[in-house]
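In the two complexes that follow, chain A is the common piece, with chain B as its partner first and chain C second.
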Partner chain A sequence: MDIENLDLYSQLILSLAALVTLTSFIMLAQGRLLRLVFIFALQGFLLVLATAIAAYSFNNPHLYISAAITMALKVLFIPWMLRRHILKLNMHRDVEALSNKTAVMMGGASLVMFSYYVLHPIMQNSSMVLLNALSLSLAVILLGMLLMISHHQAIAHVVGFMSIENGLFFAATVSTSGMPMVVELGIAFDVLVAAVLFGIFFLHINSSIDSLDVDKMNRLNEVDQ
Partner chain B sequence: MIPAYLLLILPLLGIVYFALFGHQEDVGRQNTHFNGVTLLLSLWLAINVYVSGTILSTDKYFIVDSFNVYLIVLTAFVGFTTSIFSAPYMAHEKEIGKLTDKRLRLYYSMYQGFMFAMYLVLTTNNMGVMWVAMEAATLATVLLVSLYRTPESIEAAWKYFILCGVGIAQALFGTILLYYAATQFSDAENALMWSVLYENAKLLDPEILEIAFVFMLIGYGTKIGLVPLHNWLPDAHSEGPTPMSAVLSGLLLNDALYAVVRNKMLVDGATDSHIAGYLMMGFGLMSFLVAAFFLHRQKDIKRLFSYSSIEHMGLMTFAFGIGTPFATFAALLHMMVHSLTKSAIFVTVGHAVQISGTQSIEKIRGLIRTQPKVGWGLLIGTLAIAGFPPFGVFTSEFLVLLATMQSYPWLTPFLLLGIGIACAGLFRNIQPMVYGEKPEGQQAVQANLWPVIVHLAIVLWLGLAIPNFLSDWFTQATILISGSAPL
Partner chain C sequence: MNILLAILQTLLFISLAPLLAGWIKCCKCYLQNRKAPSPLQPYRDLLKLTHKQPVVSKDASWLFVIAPYIIFSATALAVTVIPLIAVDLPTAASADVIVLVGFLAFARFFLVLAGLDVGTAFGGMGASREMTISSMAEPAMLMAIFTITMTASTTNLSFAIEHIMQEGLVLRPSFIFALLALILVAVAETGRIPVDNPATHLELTMIHEAMILEYSGRHLALIEWASQLKLMLYGVLIANIFFPWGMAETLTLSALGYGLLAIMGKLGILAVLLAVSETLFAKMRLFRVQEFLSFAYLLGLLGMLSHIILEASR
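The block that comes next holds the complex of A and B.
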């Protein structure tokens, strides 16, 4: 791919895709919750930039609305809410001991390769920009899952969950310049309700097991006692 | 189209109404009234479709055809009968101090919220909205799973939330890929409309759709409870209030399967490779067999029947995967009889648990001696779900077997094995619970068993003779899904 010959929009989108993926990797290795939430907000902001750039270049006003919703939800509301819970539950000094960071990072790198491997055949007929952006957004989705697997704190799980949503939004923005307005509003509503419910759950979990370490929730299983 | 709109508006009103007035004395009866009216509306809608065929609203946002209308009626019916059961059940839970007024308000409000999400999944023509509604169904039920606020129920709800949330995110990625494939030939507004996509399925890029379907099957498959994505299901079913288990098993799983089948119709139109069918057969058969073995290990009565739900959903997924008209007909019938039987079973299980005060299989004893109606209800329900003639489940399982012999004869032994193992797994646990001496001091509880009697009577009727209008309906739906009529 000849990067110099691409138009400005494609170059910007490609850089943003790379940056979004980078933030996912940083989150993967982050043991401090407040910093994790800050990086998540940063990822949301990159997403807002990408959406606004797409809105500007395609001259598509409804993408501006979608950018505004993302700004309000993913950059402001959810990080604010998570921060408040972390401070309230007095968890901002805890450093989560992440086991086997190297293996997790290597796993993350292989997930990126895997995303390219999955999407390469079907994107042969489309532009290289789209292939890159879509593969990276699939990678962000998978990295979000890896984040949930490698961390034990419920708050980290919520960050992983929401960064999966970020990956989905990025995919929708770059591949199709946004879903139809109804769908986008519906998804934003679901994310909002989910965020509120997560807040309620933090309180419930905390009062039931006296911490937010989800590994301690192991009453229900099929293992013989 | 009017009944369809009313069908959506009424539960929406219900959410607000019960959020405000859900603490009243006779709130259970009011909930029954709400669901009764929606049942009437769904019948009105069904008659419209029966007379005039597929209805597409003028703005194309809603579609009602023979496939989803029967699921709408089924949803409304099970929602109605379960609400009859839930009224005294929840009143009893409040009496023994397990629930407060506030939580009761949440329960009734979200009951309606769940029904709304289900109707939206079924009636919408927009694949994106279908996803949104599916996610909304999770959000509506997640607080109901943790309604009792025990550590177990909170754990189950968290698992349900995270697993289903992440799982269904995959389905959204699949939907985005589908949308991308569709925007190549259609304008952006229509590109997610199922009716438009279905007509132009040949124009969709087959390779993109194949990948998209993998994501959708994983995503919606998490909600169907396909192995190995089923972990949340037994937990959520066993820890929530029993009426919730009944509607989750009877309705939510069906509607998730409905979403998969709708997508499969698009993929089949775009490709000739039958890949969607093979994937569904593989996942379905695996779920069926794994769940059958797990039935033997259960210690909790509600977990036992949750695994039975996984087993039956696996069988349906398998049958839809075979994709011949015959198999599709069998799967549609199985969807209906399974919903009816399973929700009836959960109603009796709910009473059994209230009688003995525990969900542990080892401690529930002598049900028939204590309260014959509940004991016999459980026994007959189990007979029906295990596939004994003359019940409807036998008919549909027999048809699935025949369809398998027709298309993939070498898979028949696996099915027979699974059915046998599942039957043994159910009965080794059920026998000691219903027969035998009753423990000291075990008392009968106030129980309304009409829902069970009606459900099982319909299942029996379907096993003896399927009425003409119903088989017409199934035939039309089969033609829609698989392209030609069975037989």
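The block that comes next holds the complex of A and C.
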């Protein structure tokens, strides 16, 4: 089936899926933390749009609620909290030196191909929208992991972790037209608790090794060398 | 008849290019709280330059003198390939988009040779920078263009645009990526602000200006005009591929007039966007251009991938 035969809503959902992947790529190359958090919020917003459109086109009103929860948590609360931490720890002027940005980006592009390749045999019989959206959300998950690997700052790791959650959420929205409400609320609270815990961890890491660069943890030893 | 129309379209393209450059300058002046020159100022500059006597260094070879003519005519030939106000014209149908990239590369080759020819330090520096940038911009541009040609399953621009028009409004993720990639490449190739600054002769920032520093008189006029043509060429490419609505499909007078109005409106809006982005962004260091262009390449690659993944029929 070609894309021009799909209805406009499916085209819109696919375009949003592509844009979500694009935001993952931009996050991968971003060395400034405030901008990283802003792009994370943007990704959340695109996700909210996609969910709302899915709710409208599948005629599934409870997806509106999960869109609202995502909006409140991932677009407003978590970015606001991360931003406050960055400003409080005085890290907003630091630019993280990312080693070999281009290679990481190309690695990301191959991850997109890989996720499509993995999902292709599984979804042979299902609809095109489902296959594409699922493979892109798997790509978002893998790109989130790559973000955690390639960045050194703990805050960037949190953003990577949250964007993995974004990918899972998107997969759930398009493939099963939303998880049951109980599960969704549970995940939302988990994310909320995780965000608060991460905030406490930031303060502890910062006070114990005087930096949020997790590479410096390698130097921690029980014995003095 | 059609050939006559194609020639007329090319002449229109060539004569409108300075107006676009003037309009961009106007927009930038308004945004920066300066008093704007008239949009017709580039015409006056060109006219004045043609009246001046060109000064050629005694060390310059024949290449230096003929290079402006070659650059201008190669760019003008590249312009013939692009549908401006009507699709399905014979010149546009005779050559495809790879020929277009080839023409631009040919013009650039002679510009670089002319920059090296006089043997000044500036010329050589500008030439090497230009080649570095173009070697990274060209793959990105081809990647973006292949995305479009794969969608329309033809490398001919005229047919591709016709295909897109007949399809009507289809939201394609791959086109979003290709559009962004092409915009980044256009900024780099036409030497606009994050990559090169067209307005200064400050030695650290120059790329294009460094190469043409030795030119004067009518030679300079031709090179300036060619670079204005190139700017308009990229503008028309972006406007007509991604927003082709309004172009004349039939060759009636009213359709052509409508097409002309449409393309002028589209270019006017693009020029405002360019002026806003040039006011907002600072020029980046030369060594960051590689990151900028590899991002453009990545966008092109993502466009291609999402065409295959999301859109191709199976």
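We adopt the following convention: the second predicted complex is superposed on the first by the 217 of 225 C-alpha atoms of A that agree within 3 Å, B and C clash if a C-alpha of one lies under 4 Å from a C-alpha of the other, contacts with A are read in each partner's own complex, and residues count from 1 in each chain.
Following the convention adopted for this analysis, a contact is a pair of C-beta atoms (placed from the backbone, for glycine too) under 8 Å apart; a residue touches a chain by one contact, two chains touch by 3 or more.
This is a predicted model, so every value here is computed, not measured.
Chemist: Report clash or fit for the pair chain B and chain C bound to chain A in the combined superposed model.
Modeler: fit
Chemist: For A:P180, is the partner it touches chain B (first), chain C (second), both, or none of the two (neither)?
Modeler: In the superposed model, A:P180 contacts chain B only, not chain C.
Chemist: Once the structures are superposed on A, label A:L76 by its partner contacts, choosing first (chain B), second (chain C), both or neither.
Modeler: Touch status of A:L76: no partner.
Chemist: Going by the contact rule set out at the top, does A:I65 touch chain B (first), chain C (second), both, or neither?
Modeler: So A:I65 meets neither chain B nor chain C here.
Chemist: Going by the contact rule set out at the top, does A:L8 touch chain B (first), chain C (second), both, or neither?
Modeler: Only chain C is touched by A:L8; chain B is not.
Chemist: Under the stated touch criterion, which partner chain does A:F201 make contact with: chain B (first), chain C (second), both, or neither?
Modeler: In the superposition, A:F201 touches chain B alone.
Chemist: On chain A, which partner touches more residues: chain B or chain C?
Modeler: Residues of chain A touched, chain B against chain C: more for B.
Chemist: For the combined overlay, can you note the least CA distance between chain B and chain C, rounded to whole Å?
Modeler: In this superposition, no C-alpha atom of chain B lies closer than 19 Å to one of chain C.
Chemist: Report, in rising order, the residues of chain A that make contact with chain B in one complex and with chain C in the other.
Modeler: No residue of chain A touches both chain B and chain C.
Chemist: Flag every residue of chain A that touches chain C in the complex, lowest number first.
Modeler: Chain A residues touching chain C: 1-4, 8, 11-12, 14-15, 17-19, 21-22, 25, 29, 101-102, 105-106, 109, 112-113, 116, 132, 135-136.
Chemist: Per the contact definition, I'd like the list of chain C residues that touch chain A in the complex.
Modeler: Its residues touching chain A are 167, 169-174, 176-177, 290-291, 294-295, 298-299, 301-302, 305-306, 309-311, 313.
Chemist: Would you tell me which residues of chain B are touching chain A in their complex?
Modeler: Going by the criterion above, the answer is residues 61, 126, 128-129, 131-133, 135-136, 139, 142-143, 146, 149-152, 154-159, 161-162, 165-166, 169-170, 172-173, 176-177, 179-180, 183, 188-189, 191-192, 205, 207-208, 210-211, 234-235, 238-239, 294, 297.
Chemist: Using the touch rule from the top, collect the residues of chain A that touch chain B in their complex.
Modeler: Those residues of chain A that touch chain B are 118-119, 121-122, 125, 138, 141, 144-145, 148, 154, 157, 161, 164-165, 168, 171-172, 175-177, 179-180, 182-183, 186-187, 189-190, 193-194, 197-198, 200-201, 204-205, 208-209, 214, 217-220, 222.
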